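Labels for the chains are A, B and C, by order of writing; each one numbers its residues from 1.
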Amino acid sequence: MTTIQHISTSRRIKDRVVQGLVYLAFALAVVPLVSVLWLVIKNGAARFDLDFLTHSMRNIGARDVGGGAYHAIIGTLEQVLIASLISVPIGLLTAIYLVEYGNGGRLSRAISFFVDVMTGVPSVVAGLFILAFWVLFLGQPFSGFAGALSLSILMMPTVVRSAEEMLRLVPNDLREASYALGVAKWRTIMKVVLPTALTGIITGVMLAVARVAGETAPLLLTVFFTDSINNDPFSGPQMGLPLFVFDQAGRPNATAVDRAWTGALTLILIVMLLNLVARLIARWRSPAKGR
Amino acid sequence: MTTKVSTRDGGPATSRPASRRSHGEGPFRYAATGAGIILLGIMAAIAVFLISEAIPALQANKGHFFSELVWDPNGSQVFGIAALAFGTVLSSALALVIATPIAVGVALFISHYAPRRLAGPLGYLIDLLAAVPSVVYGLWGVAFLVPLLKTPSQWLNENLGWFPLFAGEGAIGGKTMIAGSIVLAIMILPIIAAISREVFLQAPKMNEEAALALGATRWEMIRMAVLPFGRPGVISAAMLGLGRAMGETIAVALIFPATFDITFEILTPHANSIAANIANGFGEATPIGRGALIASGLVLFIITLLVNIAARMIINRRKEYARAGA
Amino acid sequence: MSKQIQVSGLDAYYGGHKAIEDVSMTIEPRSITAFIGPSGCGKSTFLRTLNRMHEVIPGARVEGKVLLDGEDLYAANVEPVSVRRMIGMVFQRPNPFPTMSIYENVAAGLRLNGRVAKSEMDGVVETSLKGANLWNEVKDRLNKPGAGLSGGQQQRLCIARAIAVQPQVLLMDEPCSALDPISTLAIEDLMAKLKDDYTIVIVTHNMQQAARVSDRTAFFNLTAQGKPGKVVEMDETSRMFTNPTEKATEDYITGRFG
């Protein structure tokens, strides 16, 4: 006689089947990632050369080979930089308000809630808003700056959330030690709290930048198109790398589609690099984070 | 009195901040509060300016905005949101149906199945899906997914054509609703998976142990102690994913063939959405056309706003519940 | 339905760290065996090796033998799941399933083994709740959430949940450490009643409790910090607390350390 009975076959099978399904789900999720990266590398590598990175599309005819994304890369860098200059101070100050001053009051709860809701604003709506407000209402021209404005709207909630999280991680002991020395609250925030949370905040900002650098829809509605180099983000249409990909992909010629793939490769490299560096900074700062 | 001061000054600090007055305190405080108010102002401004710039176009509309299928604000000035809104809802609903089960599986894989040491890197791999720009997914969809789906679509149409979604005559496959929905599903999967993973990891260890000690298998333990706890989180994650899918623009703008009709035939080249229409129609839009696109964007904004608010309210309620139960 | 446990040469590890070393003992049926000892001496770890809950923790493993009426729980063809079905466990903090009602909590274990008729299930739930001295307090609100009960009631609910599947052995890991004195007393009374039917093993920090409820006591200790825990002495509880053989036991019991 055995005391210990085996569990029923049906329970065992069910457990195994679910395990199989869970592994399958993960495999299914990885397939598109691998497929996308493979295709982008395969199709993009052909034109990924110095010529592509240093030339614009000016005077490149519909069927011509050659041409490049230099104007788009410049545009993206400028737009993302301006977007960061706008959204980081506002986002960071908002986070400081929520963590240090808000104290769960009605205003801070409202801001906190709408920051969450704002993360869900579709990027195309952010673009339409800048179009409606900046271009149509204020009568400003399409420009890199208008694009940056729409990107900054997408960046702000991300910056607020990540900065808020980092500020909350700063131990209260540090704040209290500073207060105990008679240091004013705002100086404590500037000299103690922010430096402690700095790397975390940088990581958050870089992830936010990585996210908006790949956005196409808001640019489409605000910077318009150009094939030429325009270094001035404040006047005249500019280009952006995602927009370049969209534009070239929509053209009927194989040479244009090739350029779209190479643009996609460049874009993915920039975005992944930002992601990677951000995560490395985060890891380097908190080596013992894992539980 | 100490408590009183610290309540007013706020912040997590419980002790009283330095009593010595400092010149920077006031301005700094106002700057921080002001930044928060700017954020609220932006949300309000989005609504205000979308409405104000949409009104002229809506007044010029010779059709009925909510029921008209046609979108011709540039020529005949007849345009309606019906077909576009239908396409937006159908494509994102399909995306949700495809993505949610896989995302929950992925989340369980990371939280309860994968070897501990691999869980972190594998989770990062899934997060990378979210880092791929939308336009790249569009490119991939057109170049890879659309041809790939051709044969299975035809097979489904021939053999299961009685099912409304697989019905249709003439051209089957190509730039279809299902191709766009699959791409949308891939794009929202990492969001749903990431939030689900977090709530599954938060499931109380002590309840998991209770289930195991009763002689539960791993799956039975998950069903008893993890899924019931994580359900609200998964629901709100799915709703956030839904909001994202509805607003997703460029990928579907490249894939959808920009037709204006209402059909459930997802295997035929009939598909469009509000966002795709904005991206595809903006280049040639007249002033009335721009206004019309802004009006459609306003509808999109309101729908996604409602979906997001609902999702956030579920999350926030769950947070309070979790805190009270801790 | 009460069985004897024989342990021989048991080591337990967390990854590379050996938590307990070379434990051998016999746990008699229809009696209460108490494990006492300072924090970190491995008594809870050892308890969890008795129903194979130890290996739930990633990297944890066990070497040695645990025989339940002569059958090795760690034999290759034995599944941990069926071992846990035979050997119930009550934890330090009451852990009823928060999403389930009182009734569903008690029924949870039984439902794992397939469909049970409603009337039969009702009977098991009532018997188990009576067995856990909780029936009279909850019989009018069986469909209310288990989390709404007081701490002591929750712990008795967990005991009811554990005995509903009619295990051979009941393991209790400091079951009263999160409870007030009155609830503690209720649990101790319950244990005295349950030992007529079950083999009970209890880990406790409270030496009075060990002295009050147990028939036999094992004293666990570690020779130095970072070294594995061992059984120093095991004997009749009355003998242990009046006339221990080992100096370390006496020091611990008289409160000189720990």
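Here is the rule we go by: a residue touches a chain if its C-beta (ideal position, glycine included) is under 8 Å from a C-beta of that chain, and two chains touch if they have at least 3 such contacts.
Note that the coordinates shown come from a computational prediction; the quantities given were computed from them, not determined experimentally.
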item: Chains contacting each of chain B and chain C, listed by label; value: A
item: Centrality ranking, top chain (CA atoms only); value: B
item: Pair joined by more contacting C-beta pairs (A-B or A-C); value: A-B
item: Chain whose average C-alpha position is farthest from chain B's own; value: C
item: CA centroid of chain B to CA centroid of chain C, Å; value: 47
item: Where chain A and chain B are represented by their mean Cα positions, the distance between them in whole Å; value: 16
item: Averaged-CA centre spacing for the pair chain C and chain A, given as whole angstrom; value: 51
item: Multi-partner residues of chain A (each touching 2 or more other chains); value: 7, 11
item: Shared interface positions of chain B, touching two or more other chains; value: 215, 217, 220
item: Two or more partner chains touched - positions in chain C; value: 81-82, 85-86, 112
item: Complex contact set, residues of chain A against chain C; value: 2-8, 10-11
item: Of all residues in chain B, those that touch chain A in their complex; value: 7, 9-18, 20-22, 24-25, 28-29, 31-40, 42-43, 45-46, 49-50, 52-53, 101-106, 108-110, 113-114, 120, 122, 124-126, 128-129, 131-140, 142-144, 186, 189, 193, 215, 217-220, 222, 240, 243-244, 246-250, 253-254, 275, 278-279, 282-283, 290, 293-294, 297, 300-301, 304-305, 307-309, 311-312, 316
item: Complex contact set, residues of chain B against chain C; value: 115-116, 204, 206-207, 209-217, 220, 224-225, 228-229, 325
item: Partner chain A, residues of chain C touching it in the complex; value: 3, 68-69, 71, 73, 78-79, 81-83, 85-86, 112-114, 168
item: Contact footprint of chain B on chain C as seen in their complex; value: 51, 53, 56, 58-59, 81-82, 84-86, 88-89, 91, 93, 95-100, 108-109, 112, 147, 158, 161-162, 165
